Structures are given as C-alpha cells and as structure tokens.
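What follows is a pair of complexes built around chain A, which joins chain B in one and chain C in the other.
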Partner chain A sequence: MKKGILIFAHNNRQIDYARMSLVTGSLAKKNLGVPVSLATDPSTVEWMRESNIFDKASEIFDHIIIVNRPQENNNRKFFDGKENFVAPFNNGNRSSVWEITPYEHTLLIDSDYFVLSDNLSKYWQVDADLLIGSGYNDIVGESRTGYLDRYISDTGVKMLWATTVMFKKTQSTKIFFELVQHIKDNYRHFADVYRFNPLMFRNDIAFSVARHIMYGFEQDAEYSLPPIFSVTDKDMLYDVDANKFTFLITPTMNDQYCITTVKDKDVHIMNKQSISRNFDKLMELV
Partner chain B sequence: MNFGYLIVVNENNKHNYSRLAYALALSIKNTQKPGYDQVALVIDDPEYIKDYNSTWVFDHVITWNNKKGWDGRSYMDQLSPFDHTVCLDADMLFLRDYSHWIDYFIENSELYIANKSYTYRGEEVTNNYYRKCFTANELPNLYSFYTFFVKNSPLAKEFFDLQREIINNPVEFSNSFLTKYKPKVVGTDEAFALAAKILDITDEVAYKLEFPRVVHFKGMIQNWPYAADVASDHVGFYFDRNAKLKIGNYQQHDIVHYVEKDKITLETINTLEEIAWKKK
Partner chain C sequence: MQEEFKKALDFSNFRQTYSIQRKNLKEKIDAKLTYGFNGGIFKIDRGLLNFVQMLIDQGRTEGVVILDINENPVLIDKLNEFKDEIFDRYFSTTLEYFEENQELKKSRSIEKLIDA
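Presenting the complex of A and B:
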C-alpha cells in the first residue's frame, strides 16, 4: 500500500505556512522515511516562487497539489509570546484530503508539527482505517491543560486533535471525511447539538464530532495516534541546534518565562512567528 | 439454573417507586434472554401495582413491610425467591442484553458487589463528591445498586448479617468505624462497604471486573467543569420510541441509574410496554 505524508499550507499576509511546511515536510520525510506531499493554493505557490522557495519545495515534496484556497471568514488571535495579532485561519478544506491525497495510506500533519522521531512510523502497521491524535499533551503538563483542550464543550464529546491524522483510503474513511465536511457546512447546527463555541471553525472539533457519530455516539475505544505534545503560542521557540529545540515557556501563562529543551520528540509548535524567526537554523537540520 | 433480579421498593408520597420498578422490570424483559429475565418485586403494599397494564413482568410479587424506607434492601438475601440473585435499585434501566455476565457470576462468585460507576460519557467516576465518607474512612468503593449473591452461601450470609447489624445500629458503628467522616445517614452503600471492610472480604466480593457498568447520573460526578445539582439541567435525557436512551450526545448501552425519578414518565412506560407486548 503506497503510503505518504500530506501537509496543507495556505499562506496569509502574516503567516508563511508554505515556508514552515518546508521544514516540517523535510523533518517528517527524514524521520519517517516516506514521501511527503504539499497541498496548497495558487496564490501561495506564487508567493513561493517570488520568495525563491519553490525549487526547494519541489525537491522536498513528492507532489505539490494545487487546490482552491478555502474561502472563509475564519479569523483567530495568534500569540507570539506576549504579543498578539489577528490573522485568517484558512484550514477549512481538510475534509478534501481523502480526494486529493496521492497515497493509499496517508499521514496528515499540520504545518507546525515537527516530526523529530520515528514514533509515528509504528502506526502504519495498526489495523485501523482511521487514527487521530487522541488528546493534548502540554509541554508544561496538566496544569496548563484546560477543560476545552480535553472536551469540545462543557458537556460534549472528548476532543481529538486533528494535528495528526492517519487514514487508509476506504469507503468508511470517505464517509468520515464527507461527514467532516457536512459538519463544517452546518457548523452552527452542530454547535447547538454538541454545545461548542461556533465562532471559529476548528478541524479538531469537526473531526471529534464526526468520529463520535461514526462510532455510534459512544466513547471511541479504538486505536488512536499519541496525544499531541504541544508548545503554546504564548511560549517561544528560542533556538534550534542539532535536533534540540530550545523554548522559552511560560508555565503559568503570565510574564514569567523559563527555558526548556526538547529532543527526539515530535512537537507541535503553535507560535508560528517564532518558527519563522528560526527558519534558517531549522533548515540546517534537514 | 434459578436466577432472577430482585427489586425492593417502599412506596412513599414523594416518589412513585413502584412505577420505577415497573419500568426497570419492563426493560429487563425487553432486553435480557429468556431464563435471565425473571424479576421479583418486594413491595410494602401490592395495591400500588394493581393498576399497571403488565404486572406479568413481575414473576414474583412479595409483600414485605417489616422495615420502612430503603432498609428493605438490607434483607435482600432473605427476601429473594431465587437461588442466584442480582438485587437492583429501582431507578435503573437496562438497555441491552447483559445475560452472559450472569453466567460468569454464577460460575465464579458467591457474592459480587459493584465497585465502579460511570459518567454518561462512559468515563469511570473518580470524583468523591457524594462519597467523602468512603475516602475519609478508607472504605471500599462499593455500590449496592447491583449486588449478585447466591442463596445459602456462608460468605453472603456473614456479609448480609453484618451489614444488617450496621444498618440497625448506625450510631454505634459510625462512632467506632466512621470517625474521620460521619455520614448523615448510614445507607446501604456505607453499610455494604463497612461490612466488607470489617470482614476483610473486599478482594473476594469486589474485585476488578469490566461489569457491571452502571452510569450514575448524578450531577456532581459527570466530570463537568462546574457544579451541577441536577444532571438533566445540563444535558438532555432522550428516551426514544425504541426504548433507546441518549444522554446528551451519548448513546447509552450500559445500565443507567438515572437517579431523577421524574425521568420515568407515562410515555416512557407506554414505550416499554409496547415493546414488551410485541416481544411476548
């Protein structure tokens, strides 16, 4: 079965997802030993050419798949340590992954998910059509994990993290992704039924609800991908050195920061600006 | 095999317990295999059930009014007409066939007491909001709402005799054994737990098992981020025409201890009756 990794990247004026995906794509390819493809849109490709990274992208990615840019008014507040800014959050086309993936067995990862180990390789052998990140694992620990990191709402279903999704191209996963799209199209209705906040579309929520429905409205007892080891956007990637990532983290989400390092461990870095600041060092890794 | 479920009710003006027992008996008839669906009702006054449409769901009706209130359950071992019994709380519903577990209990146990409960989302309850007496006094976490026992078992006899002593002498036992947190009332759960602890039989009668799975629908133990007195103020309780139950977003398949007595409406009863009649 042909397997590979897929990353979506749709740039906006503030965040260069395409450039970020060069690093995440390269690291995933290097550490998991399978090809990587990029799904992106014409304007992002244009920017990649302008900023002279398209040739590099063509080297790294097995396929560069051109899709329509998600047309939506989905803004969110991003932090860069203590600073913050509002930017579009163009992530509403993940449900199309089933149609566009060039692989029969696909690992979908976010463009800010850095694969620094071969841990996910083990999951290709799991006898399951669909695996999703089973939860949130904060770098500081439980003290910084909120209720809405664990559940989609106060009384609703358990939150799965669509940062990592592995699926086989089967009839059941086709239905699953169609259902994700249906939930997205009727997001306010599902927000009423599942009591989540509808103001910003989140794949994590749509995937969690779809999985819950597909599983017969019960707690999912099937296999899943490991919880997503995450560094929030109030923390900062400070330095990168031979596969060791150094972070400034704020354990209590205030102005106090301390330093910590991550090595040989997959990590979801939510502070995009700090990734961008360390781009050259990150590229040296690959 | 002579097996059956035992439901003990004492009617009072506040709650219509016989109706709850009737709903539970109907749900047992509707979901359990023949031979595993016998029900005995212990009631202080059988007049309360005489107007029900399908009293045949009670295979035995035993009149017993020696003790008022919930203490009647303390006599379950003496009241049961079955050789092998599971005694249940009245405010529960069966939602699928659990008969295979009865075979397990008959094969392996003389006495087995539920020692876990679950939220409507299928998570094991870990919150001790309603069980401070248990944690403070290091009592085993027993729930009397599902108790399997074998008639004439020496182990069961010793256990039930002691828990009756506790129920009948709550002040003495509280003063001696529940000193770190005295419960307002020494109920059946506390008496069961204390009896098991004194006899040192917890490992025998409440070992780790994947059954019974009972959803305990009390507000404060649903793992919500806020205090909740009445659970159904926060999530819907949807009982459909096929007697399938959804709580909030979750389809229920385990035994549901719904606690809120008003959840059993006439419509609920009619639905359960219709299914029972078709099955019959």
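Presenting the complex of A and C:
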C-alpha cells in the first residue's frame, strides 16, 4: 500500500504557511521515511515562486497539489507571546483530503507540526482505517490544559486533535470525510446538538463529532494517534539547533517565562510568528 | 530580604524548568516504549516482558495471541522474535532514559538543564 504524508498550506497576509510546510515536510520525510505532498492554492504557489522557495518545495514534495483556497470568513486571534493579531484561518478544506491524496495510506499533518522522531511510523501497521490524534498534551502539563482542550464543549464529546490524522483510502473513510464536510456545511446545527461554540470553524471539533457519529455515538477505546504534544502561541520558539528546539514558555500564562527544550519528540508549535523568526535555522535542519 | 527572595524565585524558576524537562523526557521514553506489531500497539513494560518470557518458558512460542494496549487480540507467530525485539527496545530505551535523567539530576543551573 502506497504510504505518504500530506500537508495543507494556504497563506494569508500575516502567516506564511507555505514556508513553514517546507520545514515540516522535510522533517517528516526525513524522520518517517515516506514521501510528502503539499496541498496548496494558486495564490500561495505564486507567492512561493516570488519568494524563491518553489524550487525547494519541488525538491521536498513528491506532489504539489493545487486546490481551491477555502472561501470562508473564519478569522481568529493568534498570539505571538504577549502580542496578538487577527488573521484568517483558512483550514476548511481538510475534508477534501480523501479525494486529493495521492496515497492509499495517508498521514495528514498540520503545517506547524514538527516531526522530530519516528514515533508515528509505528502506526502505519495498526489495524484501523482511521486514526486521529487522541488529545492535547501541553508542554507544561495538566495545569495549563483546560476542559475545552479535552472536550468539544461543557457537555460534549471528547475532543480529538486533527493535527495528525492517518487514514486508509477505504469506503468507510470516504464516508467519514464526507460527514466532516457535512458537519462543516451545517456547523450551527451541529453546534446546537453538541453544544459547542460555533463562532469559529474548527477541524478538531468537526472530526470529533464525525467520529462520534460514525462509531455509533460511542466513545470507545479504539486505536488513535498519540496526543498532540503542543506549545501554545503564548509561548515562543526561541532557538533551534541540531534537532533541539528551545522554547520560552509561560507556565501560568502570564508575563513570567521559563526556558525549556524539546528534542527527538514531535511537537506542535502554535506560535507561527516565532517559527518564521527561526526559519533560517529550521531550514538548516532540512 | 530582597536578595533572598530573588534567590527563591531563581530556584523556583529552575525547578519549573527541571520539572518540564523531566516530563518531556518521560513522555519521549514512553513513546519509544510503544511498539506496533501485526496490527496492534503494545506498551513495552515489565508486565509484557514477564508475560512473554513466561510463555516462552512454558514452551508456547508459536501462534500465540496477546492482548495489546486496547485489549485487542494480536496474533504473534514467532514469540521468540517478538521477545528479542521488545527486550532490545526496552533495554536500549531505559538505558537512554537513565543517562538523560542522570544528566538532568546533575544539572545545577537552567543553562545546564537545557543542555542536558
């Protein structure tokens, strides 16, 4: 079965997801030993050409798949340590992954998910058609993990994290991704039923609800991918060297920062601006 | 008093970094002790090692079914090969854990902690 990784990248004026995906794509390829493809849109490709990264992207990615940019008014507040800004959040086309993936067995990862170990490679052989990140694992620990990081709402189902999704191209996964699209199209209705906040579309919620429905409204202990080890956007990527990432993190989400490092461990870095500031160093890892 | 308070804060900051580094190390080791085999996922721990060794000692070495972390039955054709793999992984990973943990324990400053 042909295995591979797929990353979506749709730039906006503030965040260069395409540039980020060069790093995440090449790290994933290096550490998991399978090809990587990029799904992006014409304007992002144009930007990649203008900023002279398209050739590098062609080297790294097995396929560069052109899709339509999701047309939606989905804005969110992004933090960069103590600063913040509002930017579009164009991630509403993940449900199309089943149609566009060039692989029979696909690992879908976010463009800010840095694969620094071979941990995910052991999940290729798991006897399941669909695996989703089973939860959130904060770098500081439980003290910074809120209820809504673990559940989609006060009374809703367990939150799965669509930062990593592994699936085989089967009839049941086709139905699953069609259901994710249906939930997105009827987000307010499902928000009423599952009591989650409908203001901003989140793949994590759509995937959690779809899985809950597909598995007979049961929350069973089926196989899943490991919890997503994450560094919030109030923390900052400070430095990068030979596979060791140094972070400034704020354990109590205030102005006090402490320093920590991550090595040989996959990490989801939510502070996109701090990734951009370290882009040259990150590229040295490639 | 001001100086003592600053020292306490510095120590608190050191302990916070230490505690996060320890948590991250432990999780890294846990991930390395997760082993995918024949459609199942196993946690390599003392229970699994003992159970597998006991089955081998009883002469049950082929076509053995063991429950994985989700309590799903997984068929293991050649238990000796499975045992060799999990023992190797267990010893190399716990040795790595020991060495990196020692480095952390010896560190007396934040700079040393993050270099460990």
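Here, the second predicted complex is superposed on the first by the 286 of 286 C-alpha atoms of A that agree within 3 Å, B and C clash if a C-alpha of one lies under 4 Å from a C-alpha of the other, contacts with A are read in each partner's own complex, and residues count from 1 in each chain.
In this section, a contact is a pair of C-beta atoms (placed from the backbone, for glycine too) under 8 Å apart; a residue touches a chain by one contact, two chains touch by 3 or more.
Note that the structure is predicted; figures quoted are calculated from it, not measured.
Contacts of A:242 after superposition on the shared chain: neither chain B nor chain C is touched.
Of the two partner chains placed by superposition, only chain B is touched by A:155; chain C is not.
By the touch criterion stated above, A:1 is placed in contact with neither chain B nor chain C.
Between chain B and chain C, C touches the greater number of residues of chain A.
Touch criterion met: A:216 reaches chain B, while chain C stays clear of it.
In the overlay built on the shared chain, the residue A:260 is in contact with chain C alone; chain B does not reach it. Those residues of chain A lying in contact with chain C across their complex are 117, 119, 122-127, 137, 139-141, 221-223, 226, 229, 246, 249, 251, 258-265. Listed in rising order, the residues of chain A touching chain B in the complex are 147, 154-158, 193-194, 212, 216-219. Every residue of chain C that touches chain A in the complex is listed here, in rising order: 13, 16-17, 20-21, 23-24, 27-28, 31-32, 34-41, 70-72, 110, 114.
Chain contact summary for the complex, chain B toward chain A: residues 121-123, 222, 224-226, 234-235, 246, 248-251, 253.
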